[in-house]
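In structure tokens below, several structures.
Two complexes, one shared chain (chain A), two partners (chain B, chain C).
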Partner chain A sequence: MNLVANETLDAKGLACPMPIVKTKKAIKNLEPGHVIEVHATDKGSTADIKAWSESTGHQYLGTVEEGDVLKHYIRKASEAETSEEKKHGDVLDLDGLRSKIDGDETISILDVREPAEYAFGHIPGAINIPLGELEERFEELNKDDDIHVICRTGSRSDLAAQKLSEKGYQNVKNIVPGMKEWQGPTETNN
Partner chain B sequence: MADTKVAIIAANGSLFDAYKVFNVATAAAASDAEVGIFFTFEGLNLIHKEGHKNLPIPEGKEHFKEGFEKTNVPSIEELVGIAQELGIKLIACQMTMDVMGLEKDEFVDGIEVGGAASYIEYAKDANISLTF
Partner chain C sequence: MAVKHITTKEIARKVVTNEETTILDVRNTDEFDDWKIEGGSVHVINEPYFNLLDGIEDVEHKLDKDQEIIVVCAKGGSSQMVAEMFDEAGFTDVYSLEGGMKAWSEHLEPTKIADLNGGGSLYQFVRLGKGCLSYFIESDGEAAIVDANRMIDVYEKFAEEKGVTIKHTIDTHLHADHISGGRNLAEKAGGTYHLPEKDATEVTYEYSSLEEGNDITVGNTTVKVQPLYSPGHTIGSTSLIIDDQYLLTGDILFVESIGRPDLAGKAEDWVGDLRNTLYSRYKELSDDLIVLPAHFSFSSELGEGGQVSARLGELYEKNKGLQVEDEEKFRSMVTDNLPPQPNAYEEIRKTNMGKVTPDDEEQREMEIGPNRCAVHE
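What follows is the complex of A and B.
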């Protein structure tokens, strides 16, 4: 799996509790919402990084094994995302999205999460343009399409949906809450 | 874990005891918990200026030495430094120091000295308390 992270931390050869201690230090300097890739050889680090993310409120994305090296992906918590306020009026819930996917019309799904989040599980056929890149890349989307914007919790997709409306896209729906609660089929990058 | 408090009593002084204490303590502090360790009796070895650099491996377990080196486990000296950097409170037991004739300046810098009541005061609202 070829993944994109904003930072890489080398914790190879270090025993417990060092991978956690180093990750804590490294994440301090990371921008909220960005993804860090932690390389470790400590076999206990998968369970530990996961538990650590849980207790510190960061988002554990997943682990890729490459030979002896475990590559852990964590996304730094972002306060902006915990806000409940949504501004884009046109919303659709997950059940609504599911029945549209199962239906006959062609719909497009835009996933605005970070590439590493997308890689560990997304709706089949969803296009990935991270929120931070939408300003430069929105023209990749077709203005006539029925666009369904999704992220993890519905906040980033809300911002993305607003942006697309500003750019003149008429049929944009924000999918709420998002991948966090999605029970339908997903696929991962290989 | 930002509102979690961990209170640890370190009452033994071998290398194994030191790892048990500092691994749990630093992992907790790295997870944003507030951590305090009360060092008493042989546990004082773990923060003694010279002592903590040369802690004994329990008798009959000397063969573990190789394993420690092979797995690249951090030294206790390193872990004490990390503990302090993470803001872990290190409290030496006054009574034990008096019994053993030890002064505060014989310990690593930045420790506090207190009696049993200081530990109880610290630990009374701890979410996790551990004794090693």
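What follows is the complex of A and C.
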């Protein structure tokens, strides 16, 4: 799996409660929206990291097992994402996106979540440019394409859609709410 | 003040003597919901340790500063931390359970069931944390152990204390919920391991076939162990009648429930056998036999001193699994009410067949959680 995290924390060899205690400390210094990768060998850490993330509002992305090491991915909660206000006018809901995917048109889907989020499940064929990299990488996108921007909740994709419009992209739709509610097919990175 | 430690043995005492006990379980809520310390007069509250890292305010008010509080977690690390926080907050009687639920899962509490005719005794080993029951029969310097758990040192030590040699180990069936210690015990003591042949078709080791007609004697013909073929939980399940008084039912009949027929994936095939065993084979036996099962599921099944037993006649009156006259109703009661399967049951079966040999730590992990061998309404 091609997983990129902003920070890595080594909690190998530590028994409960230390993996969580250390994760909690490390995440305090992490920027909202960024992803931390926690390496642990305590088997109980998977269930605990997941439950702890849920109770604190952070986003547990998933765990990859490599030999004896468990790599947990957590994304720090970001307040900006809870705001309901969407500025990009052209929006499409998930059903709308699904019928477009099932239809004959060629559409492109831009997933602006962090690479680790994308890796644990995205719409087949979606390309991944994290919101933070869009400024440098937007030229990878074709101006004539019908671009559907998606994230987890619709907030980051809203910002991305605005940015693309500013850059002169005409056919940009923000997909709401986002992957959080997506029931259609997904694939993971291998 | 330093935090005090408490052992699983001390908690087991509290459970079986009905002592008022307050436990703060700091594991995550899913694990807590799955299984916890129960029985006697135990009160448990759950608050995951990771919600208490910034302080214990959320649970503090639920407890008195001078009451005894036993903090429990998965392995003993987090309970130590939380217990220290309580200690610092002015709580005066706080304990941390050594080894946590992992140790609790392994604790065996021996209790004497009876003196046998001809000078022997029968003991029940209650594995409170997992609901497994095993039996130790001793007579005239010899011992037989039935449905032994993985922690064989406990039985070895017990045999040594009693001054007896382990001659036979017997499994009433191929277990799916716990790793059998029968084979290891027999190997170490130079005894014989008995297993029903029909459950042993895939095993990779030598064993002696447990079957009707082949009685086993413990101590110079003094105590007779009579196998009785009683399929249903597995195709080979075999009960044992000891000293004409005690019926070891394995996972076929429990005190408040009956066995499940599906752990080898054959619920539909085996439910008929289960019916036949419970509604005709056992019915032909004396009502005065004392039923001693291989499991209990509810703390209400723990009797005086933590024993689990009942008269067969009484079970025919009270056990709900024995009151369903209609065969179709019985079939659907059993197959519609199957609980989730025990943790790692397929791996456990393979281990008991000798097909795989996980290391000690893996074996402990495989057994964590409740036994789930029973069907109840």
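Criterion: the second predicted complex is superposed on the first by the 190 of 190 C-alpha atoms of A that agree within 3 Å, B and C clash if a C-alpha of one lies under 4 Å from a C-alpha of the other, contacts with A are read in each partner's own complex, and residues count from 1 in each chain.
Following the convention adopted for this analysis, a contact is a pair of C-beta atoms (placed from the backbone, for glycine too) under 8 Å apart; a residue touches a chain by one contact, two chains touch by 3 or more.
Bear in mind that the values here come from a model prediction, so they are computed numbers and not experimental data.
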Joint occupancy of chain A by chain B and chain C, clash or fit: clash
Partner chain in contact with A:21 - chain B first, chain C second, else both or neither: both
Partner chain in contact with A:69 - chain B first, chain C second, else both or neither: neither
Chain B versus chain C as contact partner of A:52, first or second or both or neither: both
Contacts of A:44 with chain B and chain C, given as first, second, both or neither: second
Contacts of A:4 with chain B and chain C, given as first, second, both or neither: neither
Which of chain B and chain C A:13 touches, first, second, both or neither: first
Contact residues of chain A, present in both the chain B and the chain C interface: 15-18, 20-21, 24, 48, 52, 55
Interface residues, chain A side, partner chain B - complex: 13-18, 20-21, 23-24, 48, 52, 55-56
Chain B residues within the chain A interface of the complex: 1-2, 4, 23, 26-27, 30-33, 71-74, 82, 86
Contact footprint of chain A on chain C as seen in their complex: 28-31, 48-51, 53, 73-75, 77-78, 81, 365
In the complex with chain C, residue positions of chain A that touch it: 15-18, 20-21, 24, 43-44, 47-48, 51-52, 55
